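Multiple structures are listed underneath, in C-alpha cells.
The same subunit A turns up in both complexes below, where it pairs with subunit B and then with subunit C.
Right, the complex of A and B next:
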C-alpha cells in the first residue's frame, strides 16, 4: 500500500502544475459556496448587531429602509425630517430614553452626526483622547474620521456646503475638535459628532451676529425705531463659534419645532417599547416608529434570496468543474497506457495499478478539500474584520 | 498523607474564618456630585443634601452667574456631575448653548412654569429671510419670592431622593426646616409690604419681578448700576418719573456710590440695599442675607418719609404708567390678601428708563 501511495505521490509531484491546477479548481468550487455562506452570515450578524443595539427608531413617515440606513449607517440621503418635539415627547413619556439625530451635513465626505451626549452611552463609545463636546461649535471625531482627516483635539474642521451652487443656503461652520473616540468598528468610526444644536447652526436655524444696537453695526442698520431694528444683509454673521462670540448665538422660536432626521428610543423595558410602538400606530400619525432589526431582517431576506441564486450558479459550475476533472483523469489514464502496461509487465498486479490511479484521485481530492477548509477558516477568522473595514466603517 | 491532611485542615480553617467574619464594611458612599448655576441653588442643595452631597458652583466670585459663560472644560465638569441644578426661566443662558446629559438635569422652577413672568419691551430686529424676531424671555430671579424658592428647594429634595433613596428621610427633614425658614421670611416680608400700604418704591434694576408680584408692591424700576454714576440723561428721566411717581426710597442690589446716594437724597429719595443674592455673598448666607433684606424693607415701612402720602391720595401708579403685565390671581402664590392696593404686577419697563432693548438682556448684576 505504501508503494502504491509512493508511486501516486511521485506521479502527482512530477506533474506538479497539472496537479496544482486540479487542486485549485476543486478547492475553489468547494470553497465558493461555503465561504460565501460564511461571509453572508457574518455580514448579516454585523448588520443585525448594529440594528439590535438600536431598539426603536422614530422618524418622519416614509421609507423605513432609508430611515434606518441614514440613522444607523449614515448612508443614503437624509430622510424627511421630524421635529425635536418628538424627542421631547418620548423623553417626557418616561417610557424610553430619547436620543435625537440630525444627520444631514458632511465635512469632507464624513457624515456630521448632530446628536446628544446620550448617543455615546447608547452606542458604548469611549473617548481615546480629549473630552465630549461641551458647547456650540465643538465636535468629536470617530477614530477613522480622525485618521483620515488627520485631526485631533485642538484642530478645526469646516462643514461642507450641501451644494456648490447653494451660495445663499447653508454656509460652512468652522468646528473645533475636542475629542477623538476609540475605534468601535462601526459606522461611528467615520463620523463627526456635534451637538444637535450645532447641526442646526450649520443649517442656519441658529446663528450669531453683531449686536444690532452696537455702534459697530450702524452701517448695516437700515431703520431703527423704539422696538424694531432692521438690518441689511451686510450684518456680520459668525461662521465660527468662539468664546468671544458664543453669547451672540441664538435660536429663533421654539426648539421643539426644529428638524431631526430620527430619534433613537431606548425603552425602559420591553413593555415600555410596546406601549411606545402602539402610540405611533395610528394612520393620522405624522411620524413612524420602527424596530430597525425588523427592517434589516427584511433587507437580509432580500440578500439571502440573491445568495440562493448565486449558490445555484456555483452548483452548476461545480458539476462542470468535476466533469472537467474527471475528463482530465480519464485522458491522463489514456495517455499513460504504455506506462501502466510496463507496470503490469514488471509484475504489478492489476489491482496495484488501479490502486495507484485511485490514490492519485484521492490525494488530489484530499488536498483540494484541505485547501478549501483553510480558506473557509481564514474567511471565518478575518471575514468580520474585513466586513467592518470595507463595508461598515 | 499527614501533610495533605494538614493543608486541608488549614484551608478549612481559613474558609471558616472568612465565613465567620462580620461582613466587610460597605464602601463609604461617595457624596452625590451636584453642580449648580447660582448661589441660591447652592445654598438650598447644601442645606438639604448635607454631607450626602458635594455641591459645586463654578462661577468665579464677582461674576454675574446669570450672564456668565463657562468654558468648555467647565461645561465638561457639569457633564460629569450626578445632578445639575438649573434655575430655569431662562436663567444662565449658557445652558441653552451647552451639551448637558438630560438624565442629571433638574429644572428647579419647572413645577411653576405657569407662574414665570414674561419679559416685555425687547427690541425686535430683522436681518434675514426669516423676518422680524425678538429675543424674548422670562424674568428669572424666581427665588426672590420665598414661596417659589421653597418650590425650587422641593424640586432639589425630590432630585436628591431619586438619586439617593436611602437618605430620602434626611433630605425631606432638612427641606422641612428650610421651608419653614422661607415661610417665616415670607411672613416678615408680607407684613412689611402691608405696612408700606402701597407707598411707591423704586428699584435700581429690573430684577425684582417676583418680589414685586408676590407682595403687590407699588414699584417701578430703573436700570442703574450701583457702582456707576448715572448719566445726566438718566437723572432727567428719574426726575421726570418722580413727578408722577413720588417714591421716597430706592432699593439697590448693592451699596450705591456715595455721590449717587447723596444726590438721590437731595431729591428726597433714600437708598437701601435689597441684595438678590444670585452670586455668593461675602459675609452671609442666603437666609441671613434675605433676613437682612427684610430688615431693610421693615425699616423703610417704619420710616414716615417712605409713605409721605396715603396711597389712596396718590395718583394711580399702575393705572397711568404701568407697562408690565398683570398676572392673573391664579398665577400668584398663596400670599396674604391686601385690599385697596392696586397690584403692580411684573416690572414696569418704561422705554425711557432702559438703555438698549430689554434691560434683562445684558449686565443685570445679581
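Right, the complex of A and C next:
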C-alpha cells in the first residue's frame, strides 16, 4: 500500500501543474458553497448583532431598510427626516429613553453622527482618549476614523460641503476633536460623533456671526429697529466655534421642528416597547417606529434566497468541474496505457496497477478536501474581520 | 530450460496465429531470435513469460508450465524468475533512476523493498555505469542510459531467464555493444538463460545460437 501510494505521489508530483489545477478546481468547488455558508452565517451574525442592540428605531415614513441602514450602519442615503419633536415626545412619554440621530453630513468620507451623549451609553462606547463632546463644535472620533484621519484630541476636522457648486448652501464647519473612542468592531468605529446641535449648525440651521451691535459691524447694517437689525452679506459668519464666538451661535425658530434622520428608542421594559410601537401604528402618524432586528431578518431572508440561487449555480458548476476532472483522469489513463501495461508485465497485479490510479485520485481528492478545509478555516477565522472591514469601509 | 511443444496461440478472434511445433532452450544458453517484423517474436517472449497464454500446446520454464498456474502464481513466478527488457525501455518518466530499478519491488508484494534490494539496485547501477545518476529523473537520461536502467530493473532479482525484446533497437552502435555486453556478461555470471529478439545481424555472433523465426514456425 505504501509503495502504491508512493508511485501515485511521484506521478502527481511530477505532473505538478496538472495536479495543482485539479486540486485547486476541486477544492474551489467544495469550498465555494461551504465558505459562502460560513460567510453568510457570519454576516448574518454581524448584521443582527447590531440590530439586536437597537431595540426600537423611529424615523420618517418610508423605506424601513433605508432607515435602518442609515441609522445603524451609516450606509445608504439619508432617509426622509422626522423632527426633534419626535424625540421629545418619546422622552416625555416616559416609556423609553430617546437618542436623536442626524446622520447626513460627512468629513473626508467619514459619516458625521449628530446625536446626544446618551448614544455612547446605549452603544456601550468608551473613550480611549480625551473626553466626550461638551460644547458646540466639538467632536469625538471612532477608533477607525481616528486612525484613518490621523487625528486625535487637539486636532480639528472640517465637514465636507454637500455641493461645491451650491453657493447658497452649507458652509463647512471646522470641528475640534476632543476625544477618541475605544475600538468597538462596529460601524461606530468609523464615525465622527458631534452633538446634534452641531450637526444642525453644519446644516446652517444654527449659526454664529459678527455682533451686529458692535461698531465694527456698522458698515454691514442695512436697517435697525427696536427689535430687528438687518445686515448685508458682508457680515462675517463664523465657520469655527471658539470660546470667543460661541455666544454668538444661535438657532432660529423652535428646536422641536428641527430635523432628525432617526430616533433610537430604548424602552424601559418590554411592555413599554409594545405600547410605544402601538402608538405609531395609526395611519395618521407621520413617523414610523420599527424593530431593526425584524428589518434585518427580512434582509437576511433575501440574502438567503440569493444564497440558495448561488448554491444551485455552484452545484451545476461542481458537476461540470467533476466531469472535467474525470475526463482529464480518463484521458490520462488512456495516454498511460503503455506504462500501466509495463507495470503489469514486470509483475504488478491488475489490482496493484488499478491501486496506483485509485491512489492518485484519492490523493487529489484528499488534498483538495484539505485545501477546501483550510480555506474554510481561514474564512471562519478571518471572515468576521473581513465583514467588519467591508461594513466599516 | 525452456521447452515448447505444439504451441498454438491466437489473439482473440483475429487473423494472427502463432504455431511453434518445438523449441528447446537449455539453461544458461544465449539465444538470438531473428525474423521479420510482425512474425510473432514478441508474442513468443510474452508466452514464455506467461504474459500471454496459449490456446494449446505445452510451454514450460524450468519445468514449470506457466499456463497451468493461476494468475497470481504466474505473476510471482515472472517477477522472481524472469527479467524483461523492452525495446522502448518502458521506464516511468516520473521516477528517478533508482526508483525505476526498484519498480518490481514497489509494484509487487512478492519482492520486499528492503535494504538488500536497494544495495543490489545501487550495485547494478554502478556496474553499468549509471551509479552517479541514481537520483536523476528517467526522462533526463540519454537513450543508452535509459536502456541500461531497464537492464538493471530486469536484473534486480537475479533472474534465471532474461527475455530481451530488441534491447538495442533504439541505440547507437556504441550503446548497442555496451548494453549487449552487460546483458551477456550478467547472464554468464548468474548462469541465466538469455533470449534476445533482434534485427541487428552484426550482433548475432555474440550469441551461442541464432534461431530464425521463419524456420522455427515451419
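The rule we apply is simple: the second predicted complex is superposed on the first by the 390 of 393 C-alpha atoms of A that agree within 3 Å, B and C clash if a C-alpha of one lies under 4 Å from a C-alpha of the other, contacts with A are read in each partner's own complex, and residues count from 1 in each chain.
Going forward, a contact is a pair of C-beta atoms (placed from the backbone, for glycine too) under 8 Å apart; a residue touches a chain by one contact, two chains touch by 3 or more.
Just so you know, these numbers come straight off a predicted model, no measurement behind them.
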Worksheet item: Putting subunit B and subunit C onto subunit A via the overlay, clash or fit?
Response: fit
Discussion item. Contacts for A:6 in the overlay, against subunit B (first) and subunit C (second): which applies, first, second, both or neither?
Written reply: second
Discussion item. One more residue to check, A:122. First (subunit B), second (subunit C), both or neither?
Written reply: neither
Practice prompt. Could you tell me if A:369 is touching subunit B, subunit C, both of them or neither one (first, second, both, neither)?
Written response: neither
Practice prompt. Have a look at where A:138 lands relative to subunit B and subunit C in the superposition and call it first, second, both or neither.
Written response: first
Item to complete: Return first, second, both or neither, reflecting whether A:290 touches subunit B, subunit C, both chains, or no partner chain.
Response: neither
Discussion item. Going by the contact rule set out at the top, does A:252 touch subunit B (first), subunit C (second), both, or neither?
Written reply: first
Worksheet item: Counting residues of subunit A in contact, which comes out ahead: subunit B or subunit C?
Response: B
Practice prompt. For the combined overlay, can you note the least CA distance between subunit B and subunit C, rounded to whole Å?
Written response: 57
Discussion item. Based on the A-chain superposition described above, do subunit B and subunit C contact any of the same residues on subunit A, and if so which?
Written reply: none
Item to complete: Would you mind writing out the residues of subunit A in touch with subunit B in their complex?
Response: 91, 97, 116-118, 131-136, 138, 178, 195, 197, 209, 212-213, 220, 226-233, 235, 243, 246-247, 249-253
Discussion item. Please output the residues of subunit B touching subunit A within their complex, sorted ascending.
Written reply: 67, 69, 71-73, 75-76, 79, 93-94, 96-103, 121, 123-128, 130, 132-133, 135, 351, 356-357
Worksheet item: Which bits of subunit A are touching subunit C when the two form their complex?
Response: 3-4, 6-7, 10-11, 13-15, 338-339, 342-343, 345-349, 352-353
Discussion item. Going by the contact rule set out above, which residues of subunit C touch subunit A in the complex?
Written reply: 49, 51, 71-72, 75-76, 78-79, 84, 86, 88, 90, 92-95, 99, 103-111, 113, 137, 153
